[in-house]
Every structure is written in structure tokens, then in C-alpha cells.
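In the two complexes that follow, chain A is the common piece, with chain B as its partner first and chain C second.
Up next, the complex of A and B:
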């Protein structure tokens, strides 16, 4: 090898290494950023809690039997405890960073277990539990205990009182259960629409359609659609599917159905193309073998070609599911941006990605919670990947 | 009926290119007919005419008549599906489906609507026995067919064809991708199978043709040069071109 060639060689190698490391480092930094911002808020409560805190206004009976429970040993030092009322309170911050007073312990014989709902004519009992946030206790004879005065004052005020006028507390909130449910609804419904249509279209194009101008025109049309920005499909969803679903169902606004339809349209070209690719790599020798055995075209397609293409189709489906999880632009129009806790397929709600968008558009943006959701999205995608890898590996092992 | 297949004035074109020129040949019942000739002379093309697999090639046009059991298989509305169940085919490269061994053999009968489990089992077992494969695979019928060796795969393909209870089996260089031992097993199998089936086999090996066939047809550039008893072809060929070919002077 000549010297000049050697230098070119080294240069080219250095270039590939450089490019590869830039790529790897960028990816690593994104993941690091997301995790370092998001891991603090990551807990089980986040996944199962409502986003919007629910508030309760409680009153107490005239006859009160006070608690006898002494302070349990296992309570943290930061917990302020009132033996009279059988309750331990602690200062904390919520996921948005605002100060809160959290119920850390409540004794079985606590009089606060016998409060009733003041907003309800029937005076139904309320259930104060550990994990609830105390936002206010107002008294007849002294200053109201508010969150901003801290847990210590609240306990002192309780200890020095025999009764109170009203107790206001709430659930924690800030959870993303609603957005998780919406995301899974959306995945299910979108796939239920797009997969059968997409796969059958691909089968038609690859196995049955005559090889003429119209077919190739159709194919290039589909290819073009893959490149259209999703926000344009979102506009179409708003203009077509939202009014359509409002007319046909009980929906009154953008809803999960219109979102699914919009996403299905976005995914159709993707699914058609990936299915066609998987069908194309099925060797023709399988088709000839089947036909030579007296099988007809349909039997050959569905008994031999389609099963052989199955691992590839699975992979394409995974990519499509990933798109559903990741899509936000189109969905802002097609299902709305309202973060909801009670999910109905006929109503507005947000997926996890749109939830991130909602959090970031506020002033100030809630980067921490957004990053936490990003971590959850990453984990869902990773899990999906592992599942599909596992299934298709098993399928390929069984098949080949 | 002594001749199960009669090929009359067969001409075949791929677009403009004439791949078969005026072929006339009669295939005897329960005999092994070997097709020999240099590569590209049209042996595979000819074979594929016999079960109409050429239908799949759009640019292919066929003229002349092929009678199977005294019926022209190229006449309009002829039942091609039925023809292919009666004239089975084994390909050059073993091409089992990516399914279990059992499902491979059961595939053809299932496509004909046989669903009964017992019936299918009988067919599969007897076909595998006929293809001299049963003993080797009886403990792993549910395993993927692609886990078999090349020679086993080819015998599986023969079993798959036999499962249709055909009368004719077409084989296109069935041993060309196999090692000598696997080749020998297939040749023994062919000797066994000719008791029940008419076999037409394309081979690039003249020794193979001499070993296993009763009749031999020699093709050259789309023409049938000579067709005769195998021993005649290899001992006293009538045509100079045949002699040149079998003595290895060209091709």
C-alpha cells in the first residue's frame, strides 16, 4: 500500500469513528438529560394517581371522642404528631414544587376519621387517609391553619382546640394515569383500524394486483404519504374526523375516536410499506412449491406467504405502535390537549406525548414532570421492543 | 394407455426468444425419463410445461399440445389445480415451507380440503415412509422442516409431492445441491418410486441419467436432438451431437 493511500485510509477511518461517537454521545446525552431530570418524580403513585387533585370539605360532629394513640415509634422525625387528634403531619413539596402538608399517619381512633362532607346535603362520611394533603383547617377561636404556615402550626392549632369549623383536604394529584389510559386506548383503537386495512392492502398490492401503471401509481402515492408531516394529517383530522365523530357518536368535541382515525391514516402508509417489504423477501420458491402442490393463489398467500412474512410484519407493527406513542403534533388537533382523569373514548384527553407538550407550554414549564413522562415513554417503548424481539425471535426459531 | 404424457409440436417463447422448438415426445407410464443437455438448453422450461408452472411467467407463450391421459392440458378451462395434484414437482433447491415437518407434508392434502386429523396423519406417515424419511423424523414431526439436512429436506419435498397421490413426479435436478451420499439416497428412492409413479427427471449428470433412467431425452438449444432407451443413448447414439455431448466433447 502506498503512503498516500494509507493516509486516506486512516483519515476515512477517523471520520467514521468521529461520526459514530458524535451520534452515540448525543443519544447518551438526551437519555441522561431526561433521566436526571425525571427520575426524582418517578414512583408508582405517579402512574396510578389522578392528575387533578380532588378537594374535600369536611365538618366534625359536636360530640368528639379524642384519640388515645401515642406517637408511633416508626414515624419520621420531621412528622409533627398530635395525640389528641391521632394524626401525624409532615411538610413536603408536590410534583410541581409547591409546598404541601401531607398526612403521614392517622390513628384508628382518630376523631378525624369521623368527619362528614359539608358539600353534601346528606352529610355523608368522608375518609381522610394517609397520603392526603391538608390545605386548610379553620377554627372558631383562632387563626386558620393554612398550608403556608406549615405542619407544625397546624398540629399546634389542633392540639389547642377542642373542635374546628372546617377541614379542607385533597388527594395528591399530579398523576398521569389518565394520559396512560388514553395512550393505550389510542394504541388499541388505531391498530384495530390501521393493521387490518394496511396488511390487506399490502397483500393486495404485492400478491394480487396486476403489475400495471395504476398499481405503481398507487404505490408511489402511498410512498408520498409516508413523507407528509403529521401536523397536516392533524388538520385533516380536525376538519374531517372530529365533525364526523361528533355527528355519529355522542362526542361533542375532539375525542379519542377522531384521534385514532387520524393516527390510523398516518400509519396506513407505514404499515402498508413495511408489510410489503416483508412480503417481498418471502422467497418465490415458497410460492412455486405451494402452487405446484395444487394450492390456489389465495391459499398460497394466506397459508405460506403471510406466515413467512409474519416476523417482519410484527416489527413493522411495533414501529407503528412507537409512532402512536410518540405522535403529538397531529393529536393536538385531533383529540385535544386537556389533561383528563376520567377517560372516555368520546371525550378529549391527552396521550403521554401531548401531556408533555401541555406541561411545557405553561409558564414556567414543568420540565421535571415532563422528563418523568419522557422516561415512562422511553420505558414503554423499550418494553415493547423487548416483547416484539422476543416474540419474533421465537417465531423465527419455530419457523426457520 | 402406455404413454401417460404426449407432447406434440411444443413451441415455447419467452417474449421473442424461442426456448423450445417443435418438441415431440411420449412419456411412458411407470418409467423414469431423464432429460439431459447443456445448461440453458430448455430442460427446466420443458419440465415446467408439464404441470403448467410456466403459466406464472407473464412473458411466456406456449404453442402446441400436451396431452395428459389423452386430454390437452392447454385447452381452455382445463383444471390446472387438479393437474398439479396429479403431476407433482420437486425443485432444484430443496424448498420446504417454514413450518413443521408434519405441516409440510400435510399442506397439499389440507389445501384440497382434508381436515380430519387421523386421515392427515395416515397420509403424512405413509408419504414419509414412501420417501424413505419416516424413520429419521418420526420423533420430531413437530419440529421445523428447516432444521433438516439438505438431503432430508429434499426427501421431505418428495414426500410432500407424494402426499397428493400424484401419477407423475417431475424432478428438476433434485440432487444438484446435495452431497454424494444424499444424492445416492435420492437415487435409490427414485428406483423405489418408479414402481408406483411415472418420473421425469432433469439431470446435469450423465452418470445419474445412466444409473436411474429407462429413457433419456437429449436437448440442445431448445431442440430435442434424440430420445431413446437410456442404454441406447449411452452406447449407440444415433445423432452425432448426442455422441459429442455424452463423450464430453462439448457442453
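Up next, the complex of A and C:
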């Protein structure tokens, strides 16, 4: 072997190593990027909070009975406490990074528990709780305490006053509860539609269909669906399922039902293919044995073939669930991009993926919250894929 | 007595058999219906998108005027928004942008993907190959919106800094280059997975023959195995370009949404057929709404024609046996 050839060989070998490292580096970078941006906001509150903050304007009665609760020992050092008003406040940052004053503690005998709603004719009582954000307390005789002056000033102002004109507070927004609920609705409804249709189609194609031109035409029509980009499915959802659901239900716009119908069509080829693959590996001897024992075709299919094909159907279902969680382009058309807190299957809302898209399309883009949602999506999707890999490995082991 | 009993039994038997047969045919009919339903969706898609997409060309769009189909297909400016109230929509430059971007993305991801596949199938030790295979599977399973997020968080910054190094002011990094890079990353797992299968299925005798003739292992890999796997590698390119042409959300986050073009400079903002469809979602009626379906038709035609051409080339190139 010539020296020159040796150098060429080493060079080409190095090229393959280099190329192979690109994929691994990309995966690592994506995971690193998403986690490093997203971990800060990842807490339980994010999952259960509403996205849109609710604001309250409270007033206080003329006769005030002040609190007698002394500062509890378990409060953090950075909490400012007012014994007179029985409230502990803390400086913090919200999910967009803006400063906030958060209610860390409120005593049972605090006069702030007896405030009423100023926006309401009936003066209904309001409930100030820990976790709420105090944005403003205005007084009769001194400067208004605002968020930007900090918790310490707000407590001092409260301590030096006997009453106040108005207290403005809000719930902590920026949560993704609504999107999580929508995602679950969508997974459930999509699977309820796509699984029976997909599995029955696969059974027909594999167990019943005669080998003729019509069958192969049906088969190729279904396979064509695989190559259609998801945004085209979205257009179909907009053109077919949205008007259909508006006509048949109380919905007035794109809604979760039209979204799940659209997704069901996207998933059909996935489910059909994985079911068919698993039906194919069920040995024919099972079928003949069952038929020979007097079972009919239906019984054989449902009691013998399907249970044997179950792991394959399972992996197909899991992959389909992953696809529902990740799908964005089709859903932007089929259920819209409005982030909602009150979820109805007849209304618009967003799944986690579309929520990311809405956040990124906003000016300015909220990369942190988007990354946090991406962390959740990535963890679910990667976990699903590893489970699928595990199941199919076990399946192959059991068979051979 | 005995025979009567026997007769009764057989009646019950035939009844049972009949019932079973009825159930069988009912179930079979049900399955046939679901199959026809599954197969009809592609036809539904084509019919409904065509009906909606043709509206701007055949009606006067509430007084705005008919969209001229030649201008639509060849023009260089896309007007949008109710402020314009115009029928001068055109996608000519967007078609060029889309094909240009998909082509460039494939130029990056093809060599990397094929070499990765070669590495996994032939070069790497078993453990590393298994690890990389998992990496490719996981990359394939990452949703496109996450690629979009990664693109706007990392690739846009990278492109912006790169452009600055060349003294070019890019629009926050939104550019042809950023779109190409995102699409290259997204098509990489598809290309790698399919190429790997075709490389592994190259006959052992071909490989051994080359080695016996005195070629080195690397020479064999590059000159013999890659050539023999040509057809499968080409198939991976077809799937890859399909994904690149149809990708929507990730592209819409990094393209920059150019309204005129074509954008050929790598730091220019651009737009693709899909990113154009995702703009102006607020309209629910009128020409701005219908025109999206027209763009959808164009997208399907572009994908179809690209596939036909590539398949034609694939057949010409053929599955060569090395002789």
C-alpha cells in the first residue's frame, strides 16, 4: 500500500468520524439548550397555574381590627413582615423576569382577609392568599406603594398607616395548565378516533382483503398520506373538519374536536403500518389452529391474532402519542393559536407545541417559557421513544 | 327419538353456523368501510384544498378582483394584510426560495448523513454504532417545533454574529442560512437512517471481492459500498427533500418572512411556501384566507414534481452492481 493511499484512507476515515459526531453533538446541543434555558421556570406551579393573570381591586372597611399574630419562625429572612396587618411580603421575579412582590404569608386574623371587591356593585368579599402578587397599595395620606419600590417599602407604608384606599393584586400568570389539559384532551380524543379505524383497516388489509387491484389501490392511497406535509393536513382540517364541527356541535370556531379529527387522519398511516407489521409476524399456524377448532374468522381475529399482535400495536400507539404531543403545523390551523385557561372541547386553545409557537411568534419572544415547555415535551417524547425501543427489543427476543 | 334429537342438534348447529357467518360478514363489512374511509382521506384533501384554493382565481374576491394565475405563479412580490386590499399576490419567488433552501439544506445534510450512515454500518465498533443509532432515532423523534426553538435560540445568534463578522447587518439572524441550517439538522436523521439500511444491505460478496482485489477497507467503503448503495441513498434524499419542502413551524421561526424576492444571498431574509401559509392567521374569510389554500396547492404540486423528477433520476442512476 502506497503512502499516499494511506493518507487518503486516514483522511476519509476521519471524515466519517467527523460526520458521525455532528449528529451526536446536535442532539447534545439541543438538549443542553432547552434544559439550560428552561430549568429555571420548571416547577409545579407552572403546571397548575393559569396563563393569563387575574387582577383584583380590593377596598377595606372603615372599622379595622388589626392582627395580633407575631412573625412566625418559619418565614425566610428575605420576607418582610408586618405584625399590624399580619402579612409577609417577598421580592421575586415572575416568569418573564419582571420584578414582583409576592404574598409569602398571611395570618388568619389579618385585616387583609376582610377586603371587598371594588369593581363589584355588591361589594363581594375577596380572598387574598399566599402566592398572590401585590402590585399596588394606594393610601389617603402618602405615596402609593408600587411593585417597583420593593416589598420593604410596601411593608413600611402599611405599618405607618391605619387604613388604605385600594389594594391591587393579581394571580401569578404564565402557567401552562390550559395547554396541558388541551394536550391530554387531544391525545385521548385523537386516539379514540384513530385507533379503531387504523387497527380495523390494518386487519382488513392483512387478514381479509382479497389480493386484487382494488386492494392495492386502497393500500397505495393510504400510503400516499405518509408523504403529505402536516401543514396540508392543517388546511384540510380548516376546510373540512372545522366547518363540519361548527355545523354539528355548539362550536363557533376552530375547536379541539376539529383538531383531534385532523390529527387522527395524520396518525392513521402510522397506526395502520405498525399494526400491519405486527399482524404480519403472527404465525399462520395460530390462525389455522384457531379455525380448525371451529372458531370463525371474526373470533380468530379478535381472540387469537390481535392479542398476539398487541405489543406491536402498543408501540404504534406510543409513537402516535408522541406525534400528537409534537405536532404543531397542522394544529395551528385546526385549533388555532389562542392560549386559553378555560378549556372546552368546543373552543379554541393550544397544545404545548402550539403554545411554544405562540410564545416564539410574540414580540418579544419568550424563549425561557418556550424552553420550559420544550423540556416537558422533550422528556415525554424521548421517554416514549425509549419505551418503544425497549418493547420492540423484548418483542424480538420473545419471538426468536 | 334418537334421530329427532340428532336432527335438532344439527339444526342448532346450522343456526349457530349461520349466526357465525352473519357476524363474520358484518365484521368484514365494517372493516372494509374503515379501510375505504382511511383511503378516502387523501382524495378528500386534494378535492377540498383544490376547491378552496381555486376561489381567488375564479371569483372577483368581493370586488378586489380576480387573481391572475400567471402573475401568481411568476411574480416577485407577495402582498398581504387587509391594508393592501389587492389581488396582486404571487408566489413565483417563494417557489424559487423554497426549492433553493431545500436544495442547500440537502447539500449539507446529504454528505453528513451518508457518512454517518457509513460510519454506523461499517466503521464504528458495535457499542458506538448502537449508541449512534439511538442518537439518530432520538433526533428523528424530536418535534419540529423544538428544532424551531433551537434554531431561533442558537442558530439565529450564530448567523447574526457570523454576518456581523462579514460586516453585514442581518435581520436578527433571520436568513436563508439559518433556515438552511435548521432544515439540514431536521433532515439529517431521515437521511442517516435510510442510508444506513441500504448500506447494510449491500452484498457481502461485493465487499469481500473488493477487499480480495487488494483495495483497503476504506477504499472499499467509499468506492464500492457507497456506489452499490446508491439507490437507497437516493431514496433517502427523496424523503429528506420531502421533509425540507413541507416543514412549516420551525422554518417560520427563522426565515424572516420576506415579502419579495427571490432571496439568494445567504444572509437575506427569506420565506417559503409553508412559512407564507402561516402568516396572517387572523383572517377567517376573504382573499387572505383563501389564498393560503392556493399556496397549499402549489406546495403539493412542487413536492409532487420534485418527487417525480428525483424518482426519474433514481431510475436512470439505477441500482448499479459493481462489476
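As a convention for this text, the second predicted complex is superposed on the first by the 358 of 400 C-alpha atoms of A that agree within 3 Å, B and C clash if a C-alpha of one lies under 4 Å from a C-alpha of the other, contacts with A are read in each partner's own complex, and residues count from 1 in each chain.
By our rule, a contact is a pair of C-beta atoms (placed from the backbone, for glycine too) under 8 Å apart; a residue touches a chain by one contact, two chains touch by 3 or more.
Note that the structure is predicted; figures quoted are calculated from it, not measured.
Asks: Going by the contact rule set out at the top, does A:120 touch chain B (first), chain C (second), both, or neither?
Replies: Neither chain B nor chain C is touched by A:120.
Asks: Which partner does A:65 reach: the first (chain B), the second (chain C), both, or neither?
Replies: Once the two structures are laid over each other on A, A:65 reaches no partner at all.
Asks: Let me test your reading of the model: by the given contact rule, A:283 touches which partner, first (chain B), second (chain C), both or neither?
Replies: A:283: touches chain B, not chain C.
Asks: Touch test for A:159: chain B only (first), chain C only (second), both, or neither?
Replies: After superposing on A, A:159 lies clear of both chain B and chain C.
Asks: Check whether chain B or chain C contacts more residues of chain A in the superposed model.
Replies: C
Asks: Where does A:292 make contact in the superposed view: on chain B (first), on chain C (second), on both, or on neither?
Replies: In the superposition, A:292 contacts chain B only.
Asks: With the two complexes superposed on chain A, say which partner A:216 touches: chain B (first), chain C (second), both, or neither.
Replies: A:216 sits against neither chain B nor chain C.
Asks: Going by the contact rule set out at the top, does A:304 touch chain B (first), chain C (second), both, or neither?
Replies: first
Asks: Thinking of the overlay built on chain A, is A:98 touched by chain B (first), by chain C (second), by both, or by neither?
Replies: neither
Asks: Which chain A residues come up in both lists, the one for chain B and the one for chain C?
Replies: Overlap of chain B and chain C footprints on chain A: residues 296, 299.
Asks: Which of the residues in chain A end up touching chain B in this complex?
Replies: Per the stated touch rule, the residues are 211, 283, 285-286, 288-296, 299, 303-304, 307-308, 397-400.
Asks: Can you name the residues of chain B that touch chain A in the complex?
Replies: Within the complex, chain B contacts chain A at residues 51, 53, 56, 58, 81-82, 84-85, 88-89, 91, 93, 95-99, 107-108, 110-112, 144, 146, 157, 160-161, 164.
Asks: Using the touch definition from the top, list the residues of chain C that touch chain A in their complex.
Replies: Residues of chain C touching chain A: 20-21, 23-24, 27-28, 30-32, 34-45, 48-49, 51-52, 111-116, 118-120, 123-124, 131-132, 134-139, 141-150, 152-154, 185, 188-189, 192, 216-219, 221-222, 242, 245-249, 252-253, 274, 277-278, 281, 284, 292-293, 296, 299-300, 303, 307.
Asks: Quick one: which bits of chain A touch chain C in the complex? Just the residue numbers, please.
Replies: The touching residues are 1, 5, 8-9, 12-13, 15-20, 22-24, 26-27, 29-30, 33-34, 37, 196-198, 200-201, 203-205, 208-209, 217-219, 221-222, 224-225, 227-233, 235-236, 239-240, 253, 265, 268, 272, 296-299, 301, 322, 325-329, 332-333, 336-337, 353-354, 356-357, 360-361, 365, 367, 370-371, 374, 377-378, 381-382, 384-385, 389.
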